[in-house]
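What follows is chain A paired twice: with chain B in the first complex and chain C in the second.
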Partner chain A sequence: MNAKRTDFLATVIIDLIVATVVGILIFLLAYILISGLPHVSWSFLTGTTDAFSGAGGIGVQLFNSFYLLFLTMVISIPISLGAGIYLAEYAKDNWRTSLIRSAIEVLSSLPSVVVGLFGFLLFVVKFKIGFSVISGAIALTFFNLPLLTRNIEESLSAVSRDQREAGLSLGLSKWKTEIGIILPVALPGIVTGIVLSAGRVFGEAAALIYTAGQSAPVTNFADWNPMDPASPLNPFRPAETLAVHIWKVNTEGLASNAAQLSAAASAVLIIAVLLFNLCARLLGNFLYRRVTASK
Partner chain B sequence: MEQTNFQLKNQKTQSNDWSARLHHATRATREDWMGKGISYLCIGVIILVVASMLWFITSKGIATFTQNHVSLVKFLTGTNWAPDQGQIGALPMIVGSFAVTFAAAIVATPFAVGTAIFMTEISPNRGRKLLQPVIELLVGIPSVVYGFIGLAVVVPFMRHLVGGSGFGIISATFVLFVMVLPTITSMTVDSLRAVPRHFKEASLALGATRWQTVSRVILRSATPGILTAVIFGMARAFGEALAVQMVIGNAAIMPKNLISPASTLTSQLTTGIGDTIDGTLPNNALWSLALILLLMSLFFNALVRVIAKRGQLKHER
Partner chain C sequence: MLKQYSFEDTAVQTFDDKTSLAMRTENLQVFYGTNHAMHDADLAFPKNQITALIGASGSGKSTYLRSLNRMNDGIATVTGKIWYHNVDINEPDVNIYEIRRHIGMVFQRPNPFAKSIRENIVYALRANGIKGKAELAERVEASLKGAALWDEVKDSLDKSALSLSGGQQQRLCIARSIAMEPDVLLLDEPCSALDPISTVKVEETLLKLQKKYTIIIVTHNMQQAARVSSQCAFFHLGHVMEYTSTGTMFSNPQIPVTQDYIAGSFG
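And then the complex of A and B:
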């Protein structure tokens, strides 16, 4: 076989591979949306779940997912911001920094089930908080921290040196330069990273099964006092999220329409994650235009 | 400013004040201390989390051997998993985990490399506009959704194709293949893009066809990066819990073939840890499985480092 024919053949094979990959994605999305969307209704989105069979609406789970996401972000953004600033600005190039970097890498490569088990051990077994929103939020923070930190560090380091020198030459402190000059310039990248990680956190289930728990007690949505056991805002109640619900319905559920239920719930989950991805892109572009004044 | 300086020098009472001002930290310095404090604190929190995670899981994981006096060799080579009766041979799960990991990596790598070549060499424009979003979407789909589709589509399909229950290593491989594909692809794209342009141009100038250039120059010089990508994909497959647990069937027996129910370390952990009591042998045995997961994750990490170092040496030579 001559070289030209081999080249042609290779190109055809690669084209086929690419077509397969695109086909897989189209099939996945079409399958979820076509089998799931017809079952999504307002009563499904707001209804409550039958605790025994797992049938019924996903209102509580949907709220739990957003609440957990919110709490996770509230805890993890400040910590990863500080850590990112440390790595981008203060860290010297020595063995200690490389140790810190490896620690973050190790944390990011740990399977999420291991992170979940650690959360379970720490909060549920040792501190006896039980399956709760707060245990789940902290476990998700552990899972979220390394990625967010790396994203923030990269965004900060990508800002040109001139900006730093300009700030320092005006007599500002390193900290003030970082917060007042570098951070706003790096903001589009940071926001994109945060929204993307929100999508990941929203779909995560393995870290939550044994921390936030697998039950979604019906809460009283008229009661907004976080200290009340029946309030949806109470951080010490167990909170099954949407992703955990899909898993539970499929593995232990007794509902006769488990496939429809999980298809509908998967469709909602996928749409939420797609929206996060879209928002990340739009928000990033918007902020970039605002900050850099480029059209 | 200079005048005040002069005046200050002449007044003895105020010269003390001046020296005090010179020796004291300015506002900017104090701000810097505060900033340093905050950022050191944050990085400290992360280090603490990592250290306590390693410490807790290790100390729980070795309890099987130190408190329950199970021999390590028996744990790693025993094939009978019945913790209630004191039988804890973890080999079925270890074999299961490695089987799905390697199988998924073997299936996914050609697809990933092919897609990456398309994105960088054949059609960079369509690659950016069409395939980049495809890869991002595949990454974005949550693992439970992959598990659900595996359960709803792959398992019945395998049941039709080969009979049996449809649960098993091959179904898990299918699901994991799609899950690790975007990981391996996007990292392979990065390593292909990092190949110096003049390598490619030199090869084309010698009259090589595109495929000759790709296969003999670009892929060769990007090999360390592609290997790293594959290892990252394997690490993801090894640690994936729910999607695998939903389609593999969760039978803690030695897998005899690819189509009978089996189990992995992660699937056994997800199904078991809630049903056991803290401090008992069945519970400790599960923590030992978690320890294996942790050690494997550290191993994959180390492997990536070794390859990166070797790749660097090669480039410097």
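And then the complex of A and C:
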């Protein structure tokens, strides 16, 4: 077979594989949206759930998903940023560093149920925090840390050594070089990592059943005092997320229209994830343009 | 097959007390792990002159240059003395960040920051405590003029530095270094990634800059060394073999290894 034919064949096969992947994705998205969207209404999006049957709207759950994501990111981004910078810049190439890397990999392969039960026993029971947003956020941080740390480390390492030398040769400290010069260049990669891990947080159910709880107490959206028990911002209230709600409606729900409820909630969840990805990317691009002056 | 030359047979000039020196090294040795990359380099650099370091690849000239502003810290072990204003800046307790503000460096590949042209210059200035808007603007203009880039970029200071051509980027890197108002400017093969026209521009810039700065330039291009430098040091396999005025180096080299290198027998 000559080079031209080989090349043609390889291109066709690769195109087919890509088409398969894209096809499956489009089929899934279309299926979920088509079966779910007709049941989505304004009252469904903003309404409250009947605690007994699981029927009713998902307003609180939708908010909970975003709030939990926000809290998780607030906890995990600074930690993984520090760890990523350490691994990319400061860690020497020795057995201790490879031990840390292996530990991070092991952490990322923990089953989510195990993390959930661990969070339940430690935060909910032992520390007496109870089922709460904060317990859930800490449990999800365990998932996020390995993914984000690895991602930040790789994004930073991908920036050329020349840039570091330029910073150091101007008398900038290593830290200043890292934060002011390397980090802005690595930003798009880091945003991608944050988007990916956010998708996981949105979709996670197993770990949250035991930590953030399965109840969505009616909250007063006019009350923005985080210390108040009825406030949506209170991190110590139980908070069923959308993914947990879908699971619950399907397993324990007594609502007669459980199938429609979960289909509608799934559609909303997917749209929320897509919207979040879009916004994160726009924000990332905007920040990147601001710090690098590129068009 | 590379001819063997005696490392004992060297011709290294020294300067009398009347010549004012910008820097001087004494028994400078560099080790990469167990690899002895630089042996006993004793070189002195007269103020406001351009000194060229020439030699084949692997001769240790870049290694030597990078030691002068401690850029080898954490990469190689450097022993010996580096005298700068009567201070041995190779001592471990020397503030290396302070040193690098006085001894600037320009690298082989142009490496402007992924920032605007203006920000490339003012970022390090601000980090070093220069905050006044007027002063920053002044330094931007002065340094870009010094690097002969001002006329080309004065209307696009807020554009990304990465949109400049390679030659312009390298002159921006020179501007970025001289904006710190250093004493000494180290250049590590600054033109090796540039086309001939950009190279000429950088060389013209250097000739102008020597009025204000002491310049030490590593180059593998002998014509370039002949065009720009007043002193020239020849490195061979980690040894400084010959150090004389550039005129003597190219018209009347003293020792066989230099004669062969200049004649193009190796390297």
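Going forward, the second predicted complex is superposed on the first by the 248 of 295 C-alpha atoms of A that agree within 3 Å, B and C clash if a C-alpha of one lies under 4 Å from a C-alpha of the other, contacts with A are read in each partner's own complex, and residues count from 1 in each chain.
One rule holds in what follows: a contact is a pair of C-beta atoms (placed from the backbone, for glycine too) under 8 Å apart; a residue touches a chain by one contact, two chains touch by 3 or more.
Remember, it's a predicted structure, so these values are computed and weren't measured experimentally.
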item: Contacts of A:P78 with chain B and chain C, given as first, second, both or neither; value: first
item: Touched partner set for A:K176, first chain B, second chain C, both or neither; value: both
item: Chain B versus chain C as contact partner of A:E89, first or second or both or neither; value: first
item: Chain B versus chain C as contact partner of A:V12, first or second or both or neither; value: neither
item: First, second, both or neither for A:A30, with chain B first and chain C second; value: neither
item: First (chain B), second (chain C), both or neither touched by A:L278; value: neither
item: Partner chain in contact with A:V185 - chain B first, chain C second, else both or neither; value: second
item: Comparing the two partners chain B and chain C, which touches a greater set of residues in chain A; value: B
item: Chain A residues contacted in one complex by chain B, in the other by chain C; value: 171-173, 176
item: Contact set on chain C toward chain A in their complex; value: 69, 71, 97-101, 104-105, 107, 109, 111-116, 119, 123-124, 127-128, 158-163, 173, 176-177, 180
item: For the chain A and chain B complex, residues of the former touching the latter; value: 3-4, 6-7, 10-11, 13-15, 17-18, 20-22, 24-25, 28-29, 31-32, 35, 78-83, 85-87, 89-90, 100, 102-107, 109-115, 117-118, 120-122, 125, 142, 145-146, 149, 171-176, 178-179, 199-200, 202-206, 209-210, 243-244, 246-247, 250-251, 259, 262-263, 266, 269-270, 273-274, 276-277
item: Chain C-touching residues of chain A, taken from the complex the two chains share; value: 160, 162-163, 165-173, 176, 180-181, 184-185, 291-295
item: Contacting residues of chain B [partner chain A, same complex]; value: 27-29, 31-32, 34-36, 38-43, 45-47, 49-54, 56-57, 60, 110-111, 114-115, 117-118, 122, 130-131, 134, 136-138, 140-145, 147-149, 151-153, 178, 181, 185, 208-212, 214-215, 235, 238-242, 245-246, 266, 269-270, 273-274, 278, 287, 290, 293-294, 297-298, 300-301
